[in-house]
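Got a structure here, written out as structure tokens. Questions coming.
Going in written order, the chains are labelled A, B, C, D and E, and every chain counts its residues from 1.
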Amino acid sequence: MEWDWAFVIQILPTLLQGVKITILATLLGSIVAAVVGLVIAIVRRSKNRLVSMPMGFVAEFIRGTPLLVQLYFIFYVLPDLGLTLSPLVAGVIGLGLHYGTYTAEVYRAGIENVARGQWEAAKACNLTPFQTWTRIILPQALPPMIPALANYFIAMFKETPLLSAITVLELMNQARSIANYNYRYIEPITLVGAFFLVISLISVIGLRWLERRYGRIG
Amino acid sequence: EDTLDKLKEQGFARIAIANEPPFTAVNPDGTVSGAGPDVARAVFAKLGVKDVVASISEYGAMIPGLQAGRHDAVTAGLFMKPERCNAVAYSEPILCDAEAFLVKKGNPKGFKSYADIAKDASATIGAPGGGTEERLSLEAGVPRDRVIVVPDGQSGLKMLQDGRIDVYSLPVLSINDLAKKANDPNIEVVAPVVGAPVYCDGAAFRKNDTALRDAFDKVLAEMKTSGEFAKIIEPYGFSAQAAMSTTREKLCAAK
Amino acid sequence: MGQWGGYLQLILDGALVTIKLTLMGSALALVMAFLAGLGRLSHFAALRWLATTYIEFFRGTSIFVQLFWAYFVLPLLGLSLTPLQAGVLALGLNVGAYGAEVVRGAVKSIGKEQYEACIALNFNRWQSLRHIILPQAVVLMLPTFGNNAIELLKASSVVSLISLADMTFQAQVVRAQTGSTLVPFLTILILYFAMASVISFAIRGLERYMTRGLDGVRT
Amino acid sequence: MAPANAAPTIEINGISKSFGSFKVLDELSFKVAPREKLALIGPSGSGKTTILRILMTLEGIDSGDILIEGDNLYRMPANGGLRPANEQHLHKMRTKIGMVFQLFNLFPHKSVIDNVTLAPMLTKGVRQAEAERHAMELLEMVGLADKAKAMPAQLSGGQKQRVAIARALALSPKIMLFDEVTSALDPELVEEVLNVLWRLCAETDMTMLLVTHEMGFAHDFADRILFFDRGRIVEEGKPEEIFRHPKQERTQTFLKKIIAAGHRV
Amino acid sequence: MAPANAAPTIEINGISKSFGSFKVLDELSFKVAPREKLALIGPSGSGKTTILRILMTLEGIDSGDILIEGDNLYRMPANGGLRPANEQHLHKMRTKIGMVFQLFNLFPHKSVIDNVTLAPMLTKGVRQAEAERHAMELLEMVGLADKAKAMPAQLSGGQKQRVAIARALALSPKIMLFDEVTSALDPELVEEVLNVLWRLCAETDMTMLLVTHEMGFAHDFADRILFFDRGRIVEEGKPEEIFRHPKQERTQTFLKKIIAAGHRV
């Protein structure tokens, strides 16, 4: 089968529709992952083992099982339990939960990176635990985490094609629809690969910049 | 090299199926049944190919898979349409069916045809990816983003029940089978869809495997006259008469 | 309830495919990780360039896209693969690209003084690598390799989308047959987690085994 | 100088503290009078830091009681009896105590003035303008008014420590704890910090506990000296008594060693 | 003691070496006679280590020539002329030279005996049984026969260094380079390593180059001493001359400092 440029030009606008969804899913997923990871990290630090241990297990479980199956689970099982999410929302939650277990590790390392004296100084200043977290610890812990977090967001971006399995019409799904409709796979799939490659290479450059700017943990 | 000889030698033919009863089905023990594979198995046996090995595939992936040499034939209710006839070599018709809708009880939006769905700007329709129903929806003017590609029948049923789609469309017999299994008083079947023709599938072969196709046709024709054909497909609800009253030539020429 | 037995059997058949994919994919990934990781450290610019291209390409494009490409596009270019071969190829090459960076990092982290001792003892480059550098570097690679193997196990579920009857695929089949969604998916989630636990357990054991006698030398 | 017979500001009654199986403090008791300046000296590992950390509630105790102005630090009244203090109780008690650390522990992401204003604004609800006015007074006192906008990373060690002192003072504690506040400083920077302590001593009526290896300073500064060894008080008394006529052999050897190491007394 | 007029084992002719813009060795020349024990002394940064590293081919040179038993180390004959040495040539030349490092550089994943047998087996194709027999002899000599099965992490610094010496000897080099082989050791472990060097000196006829800050040992051990400063030889001579009657002012100051720091001469 030959590469057909006319066909490429014909399908490009449709593929760009998918690009929009892919980027949207990545952005929303990153936000969810950033928040979920923080929650996991803070709960796992709790001295109350009745709280920290189950959270540890849940996080390990999510990390140890495939995102694809989790997406199916969220999309098809949750409605039986009374929660019907739109495909995109289900996908974003799946991405966010899954990558939240990774960002939690980044937060953990970042928090441990803050000198112990800072906790003690905060106590000597009589700050409450909440004030200590929001005013003292996180403002110091977050900047060095940024590159590591960005790294996972890039990884997440590369997994968004999985959302096609729960009918989200992102780039990969658009490409497959085009392929199915025209019986031509070579152009759509290759274009998707090229798109991911280009974005990834650009983001690697961005990541280096972040690492220079904010340093690196771990 | 002759494909039939090769199949005889290796003792089996690789067929693509879809797991969409009653066209194709996978039993709990993993064996394959359904009208399509049963016919294929019988024809291949008479051709001297002892067995068929099935792999489940999306509709959209079947023709590329065939072209890529992953399958020797597609026997999955892949209805004959002119574009497909260009891409593969079909046998004479085997399984015929009209299209149907699965909708919520009472058909609240009153859908009777694909055009009705196109007209309702909020309606979404589920269909198998790369299947006839997806194409019919798009051709009737339903925009791409309202045609939800559903991986399999059970997912389609579930998405309808969960309110994620308004209509799920498959051939009549498939929808009936699905509705019967679901046993859900809140859904109902609309059949046949107005304006959608009755389609027939055939076994699809690689474009250059016409020799194999012709051999297949010859046996198939014998089975049709002997009544053996009807005995295989009618228990599944298909009409042998429908398949015998039309031809590949007609179906491939239809516009 | 008798039929659940049959369905469970189906899922276990799938588990076998998943295990096979993971083992074969990991083996390929391991080979690629060392080839490309050492390639990037090579004296020869051409080798370095080749390794870098491989690494950036496979890390840059999504595993999902790679799988589809291997399955649908490669045959059109004249290389036809079974779903299993396509799965092993895509998984192995993808994870191998990540592993290459692990190999490179571990080798580079071995102190310069070990290389100098090798020169002083007149080892050639290959002997230094084979007997001195790699044995120490492998210990450092193990934990990350373990994580990579788990990532590979998880990524293997994607092959269900190219019709390879792995565990996720069989769960879909069972779901289509029974109409029950919760049971098959919960079952395979637990099975995946069990497999991942086995991997990390095995790696920890291996790490303990390989670091015996080295206490206090490496962190 | 504090009247020795006033009700004590701090009363420590038989406290013990172990880390694992290692007993750091062993049934320790002593009192500190209002406005008293108390210096804690003793060999490394004798538990001096631990006492300050316990008073600052950075470390709990295993047994015994601590009273701050008559209120129990680690226990709170609850229907008739006493029960372990909760966070509210500790929060209330901590308002009376400030601490300056050996390694300053400034907040590196906040400017000098923000370091000083943060605690009053957050814990006492002081308004920003008022907090900054007070902070500038304090920075003036420690001689760093011109550095208000600087970030901690731009300061020398001595300057950092003076900011840390201003920060602790901003909460106007009754009791100030100083843990070897000069020992992380380059020798030429020690003086500037000690000068600030002198001013504090002269101008405020806080009760002060000071752990130090600067024997000369302890001598001039303290009303009373406690000499520790292995979690117990070996000797206590006025600076002259301790430094010129130590009674215990342990104290004598310690002071000899310190002098040999070049510390002035 | 080496006859001073024999053909030299090492001949260094005007070598220079820079790191970036910093010139470490500047047109340096000297010779080492067969079996001579030569000590290199001098202040930190004077280039002593660099000379040994250049001889071991761990570092290249910018200009000049080095002859080992008459063969050019960094150049090889090629159709009439000389061209830069390739890996084969260096490999051949390195068979004559062994080196012991300040930080031992043992292979931490190999047992003591494996550390010693590895090089002979890999570079000379000696068979395992034979390599182990020889290794045990060497370990015997350095007093560590009973540690053959131990891992390096289980050894003290002095034991590690003795294993490192045995490892270098296992290749039977003609020339041995020792770079401050005792300076990373606790004082009480220095003696055991120096004793091994004494035995080597007495029992073998290797040419030895020794960089050290142990002036007493250099005095007793060396046939000749080179005093370096800033990449040049400032003074050379018999130990008595250098230590008792240094001619150059630079040497005098250096020796004074060393003595003040408590090193015996």
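Going forward, a contact is a pair of C-beta atoms (placed from the backbone, for glycine too) under 8 Å apart; a residue touches a chain by one contact, two chains touch by 3 or more.
Not measured: the values here are computed from a predicted model.
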Those chains which touch chain C and also touch chain B: A
Chains touching both chain A and chain E: C
By number of C-beta contact pairs, the top two chains: A-C
Relative to chain C, chain with the most remote C-alpha centre: D
Chain whose mean Cα position lies farthest from chain E: B
Equivalent-chain rotation between chain E and chain D, CA atoms, steps of 5 degrees: 175
Whole-Å gap separating chain A and chain C, where each centre is the average of the chain's CA atoms: 21
Centre-to-centre distance between chain B and chain A (centres being mean Cα positions), rounded to whole Å: 38
Distance from the mean Cα position of chain E to that of chain D, given in whole angstrom: 56
Separation of mean Cα positions, chain E and chain B [Å, integer]: 83
Shared-contact residues (touching 2 or more other chains) in chain C: 72, 76, 172, 175, 181
Residues of chain B touching at least two other chains: 58, 61, 64, 67, 151, 158
Full enumeration of touching chain pairs: A-B, A-C, A-D, B-C, C-E
Residues of chain A that touch chain B when the two form their complex: 1, 14, 17, 76, 79, 84, 86-87, 165, 167, 169, 173-174, 176-177, 179-181, 183, 185
Touching residues (chain side chain D, partner chain A) in the complex: 53, 56-58, 87, 91, 94-95, 97-99, 101, 103-109, 118-119, 122-123, 167-168, 171
Chain B-facing residues of chain C, complex: 3, 6-7, 9-10, 13, 72, 75-76, 80, 82-83, 162-163, 165, 169, 172-173, 175-177, 179, 181
Contact set on chain C toward chain A in their complex: 56-57, 59-66, 68-69, 72-73, 76, 150, 153-158, 160-161, 168, 171-172, 175, 181-182, 185-186, 188-189, 192-193, 196-197
Interfacial residue positions of chain A with respect to chain D in the complex: 115, 117-118, 120-121, 123-129, 131, 135-136, 139-140
